[in-house]
Amino acid sequence: MSATAVRVEQLAAGYGSEPVLEHVTLEARAGQSVCVLGPNGGGKTTLFRVLLGELEPTAGSVELSGRPAYMAQTERTRLDFPVTALDVALMGTLAAGRWWLPPRRTERDAAAVALERVGLGDRAGVRFGELSGGQRQRALLARALVQDARVLLLDEPLSGVDPASARLINRVFDELRSEGRVLLVASHDVESARSFDLVLCLNRHQVAFGAPAETLNRAALQATYGHELIVLEDGGGTRAVTVQHHEHGH
Amino acid sequence: MEVLDFLVDPLRSGIDRRALLELALVGGFCGALGFWVVTERLAYSAESLSHGLLPGLVLAALAGAPLLLGAAGGALVAAALIAFAARDPRVGPDTGTAVAVTGLVGLGALLALAPESPQRLEELLFGDPLGVTDGDLAAAAVLLVLGGAALVALHRPLSAAAFDAGGAAAVGFRPALLRLVLLVLLAAAVAVAVQGLGTLLVLAVLIGPPLAVRHHARSPARAMLAGAAVAVLAGVVGIEVSFHAHSAAGASVALALCTAAALGSALRPSPGAGRRGAWPRSRRRAQASPGR
Amino acid sequence: MPSPLDLADLPFLREALLELVLLAVTGGVLGAWIVLRRLAFFSHAAGSATFPGLVAADASGVSPTIAGLAVALGYAGGVQRAGRAAGEGGRDHGEATALLLVAALATGVILASDVFESGAAVDRLLFGTLLGLDTADLVLSAVVAVIAAAGAVALGRTWSAVGFDPDGADALGLSAARADLSLLVLVAVAAVAAIPAVGVLLVTAIYVLPAAAARMFTTSIRGLVACALGVALAEGIVGLYLAYWLDVPAGPPVAMLGALVCLVLAAATGRSAA
């Protein structure tokens, strides 16, 4: 297992003639967590799609240890589809196995273990739509865990989540890091970015990448969020608060 | 026993026996496929496809060729024409589809109503289960076996994609490809089922059963099996009614399917369980999670 | 090939010609709104839903027009109450509606085998007739044409406003909701008026297809109405001639002609960016 799990060099990607993402260069080693900050439409989702292999980059290179696992936002799921939490976790096993066969014993066990890990062991048989917001996010995390990937891409995993679930999720993140995995977390929460190993600021191009102390300065945040940003300064230092425009259609 | 005799009488007639077999085979597959038709909101496509294949059917009838051939050909042409018309952004898919389907229905009617044509339009529009041929039975059997195998094999990817297209793409599936496979299965189902139910009524066997069971089924697999069972049962009821009341067979089965849907929708489980268990709940794909 | 002048010379054809001209007026005026407000499926459904009512009316001696209007208006009211008022988004008419129409057609054909001697009567209801038009049909079509024209003039701006911004329409008040209902009611009544000539299944042939074709080369509402009117008249008359020549009801040739014109125009003028 090489130490570098994710390496991206001068990546550019787009959906047509215009690139929506340019000049992205980053490197993350085993056990590191990267917070990906940026406004809606700034390229966070595009970056993830390239890393997942869904979108071909128009320039640059990507190196990954294995196929990343992806934790989606609840908004993208269909709450009225009749699947249980266990079924959702089992969907993660589709990445590895033979999808045309029903799930095997080992796959079921892995899914059950993943649910236990996120604190949903007793909720395995509950319909996904009947879970609370925080529980749903945890079920989607379990789906990602089951894939046993070295790299995990997490799309705003803590948005709309109650504090208890958030604590649990963060604990799992710490466990994953100590297991030597790499976490890339797209987030709108600038404050929480300080607790990550690395921060990547995207606004259609790479604004900054590095340790939080270096990247979370006023200039970089301004370049990333532009007018969406409100910076409050108090006695001890700057506290940045982002104001996001609620855009329909991710 | 009189009641038993009453029920078994249709089975004594070879014609009705074959009709029952055809409807059981077709209903078994369509009742299951219907779960995906409703989940993926393909009902309008199914309706347009079935109405639009009329010219193909009429041409086959005029040429003395097997109706299945005409239905399959008609379905292909209809699909292509609808796809072309529906994509025009100036009028929108609703109007575009209406243009294509109306034109095709007009063409079919023109061919069928020309004075030289043999009068078979009623059967083509409303179905003719009692006129099922050996070829039709074979086609229905093949549809059930091959189509059923496809549904079983694709069950997990289809569920993953229906639940979360992005997540399914992330584990390596292509939701667009899965949807295409569903459309192909739908076209095949329509082409085979149209013999028994006709272009105007065949939709009932595709969306009646899923609507009947949707408040009661707790998983996609159970919904599909229950749907198949409802479709077969409705077929039996329809033939029984048609036999004893001398009503049009295809229309009787269609009405039985619609009744099943109405009953299934009305007989919801208690409000507490019902609200949580009901699907599809609303037009919106997903509701905002709390706190957003 | 018969002479086109027969359309004016032969009495029964004169009536059919007049009927189609009247329907074309409605097809132009109302058709423009049907296309703008995405009511194509609604107009088709309103027509199809009347089928069992018309069969029953034939059996019981009730005027088919009354029966048809009762069903169509009931359907319009139901759709309005269900909140899918203008069918915005096109495909959202729902599976329940589709099954309702199947049930209506199935019920109609079951009743028909008791009521009618031959299948010809069912064909007449489904696809229209050349010979069976009477004065009552002409009167209804004339009345509908007048009301449609008047309604479009009076309510056109409201219909446009609600179509442009359905959510904001609430702010425009109760008058907007009523104006929208009036559009549905008008379309439903117009559908019933078209049934004798083009049949229950092909109402869209005269109300949607000409306006859709017009949409291919004009975007202004006024232009749309004028062009739709012209196209509907042309298609109605040529379609009638074809029906006379081929000895078929008027519905099918008008439908084919309408679709052909619309699709050729769509291909020729390409897909505009918006």
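Letters A, B and C mark the chains as written, and numbering starts fresh at 1 in each.
Note that in this section a residue touches a chain if its C-beta (ideal position, glycine included) is under 8 Å from a C-beta of that chain, and two chains touch if they have at least 3 such contacts.
Because the structure is a prediction, the values reported are computed rather than measured.
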Centroid comparison with subunit B (C-alpha atoms), farthest chain: A
Could you tell me which two chains share the largest number of C-beta contact pairs? B-C
Looking at mean CA positions, which chain is nearest the middle of everything shown? B
Could you state the distance in Å from the CA-based centre of subunit A to that of subunit B? 41
In angstrom, rounded to a whole number, how far apart do the mean CA points of subunit A and subunit C lie? 53
Using CA atom averages as chain centres, what separation in Å is found between subunit B and subunit C? 27
So which stretches of subunit B touch two or more other chains? none
What residues on subunit C touch subunit B, complex-wise? 35, 38, 40-41, 44, 87, 90-96, 98-100, 102-103, 105-107, 109-110, 113, 119, 122-123, 126-127, 201-202, 204-205, 208-209, 212, 215-216, 246-249, 251-256, 258-260, 262-263, 266-267, 271-272, 274
Given the complex with subunit B, which residues does subunit A contribute to the contact? 52, 54, 67, 69-70, 72, 74-84, 87-88, 91-92, 94-95, 99-100, 102-103, 127-130, 132-133, 136-137, 140, 143, 147, 159-162
Subunit B residues touching subunit C in their complex are 38, 41, 43-44, 47, 81, 84-85, 87-96, 98-100, 102-107, 109-110, 113-115, 119, 121-122, 125-126, 200-201, 203-204, 207-208, 211, 246-248, 250-252, 254-255, 258, 261, 265, 283
Under the definition above, what is the set of subunit B residues touching subunit A in their complex? 39, 153-154, 156-157, 159-160, 162-173, 217-220, 223, 276-282, 285-292
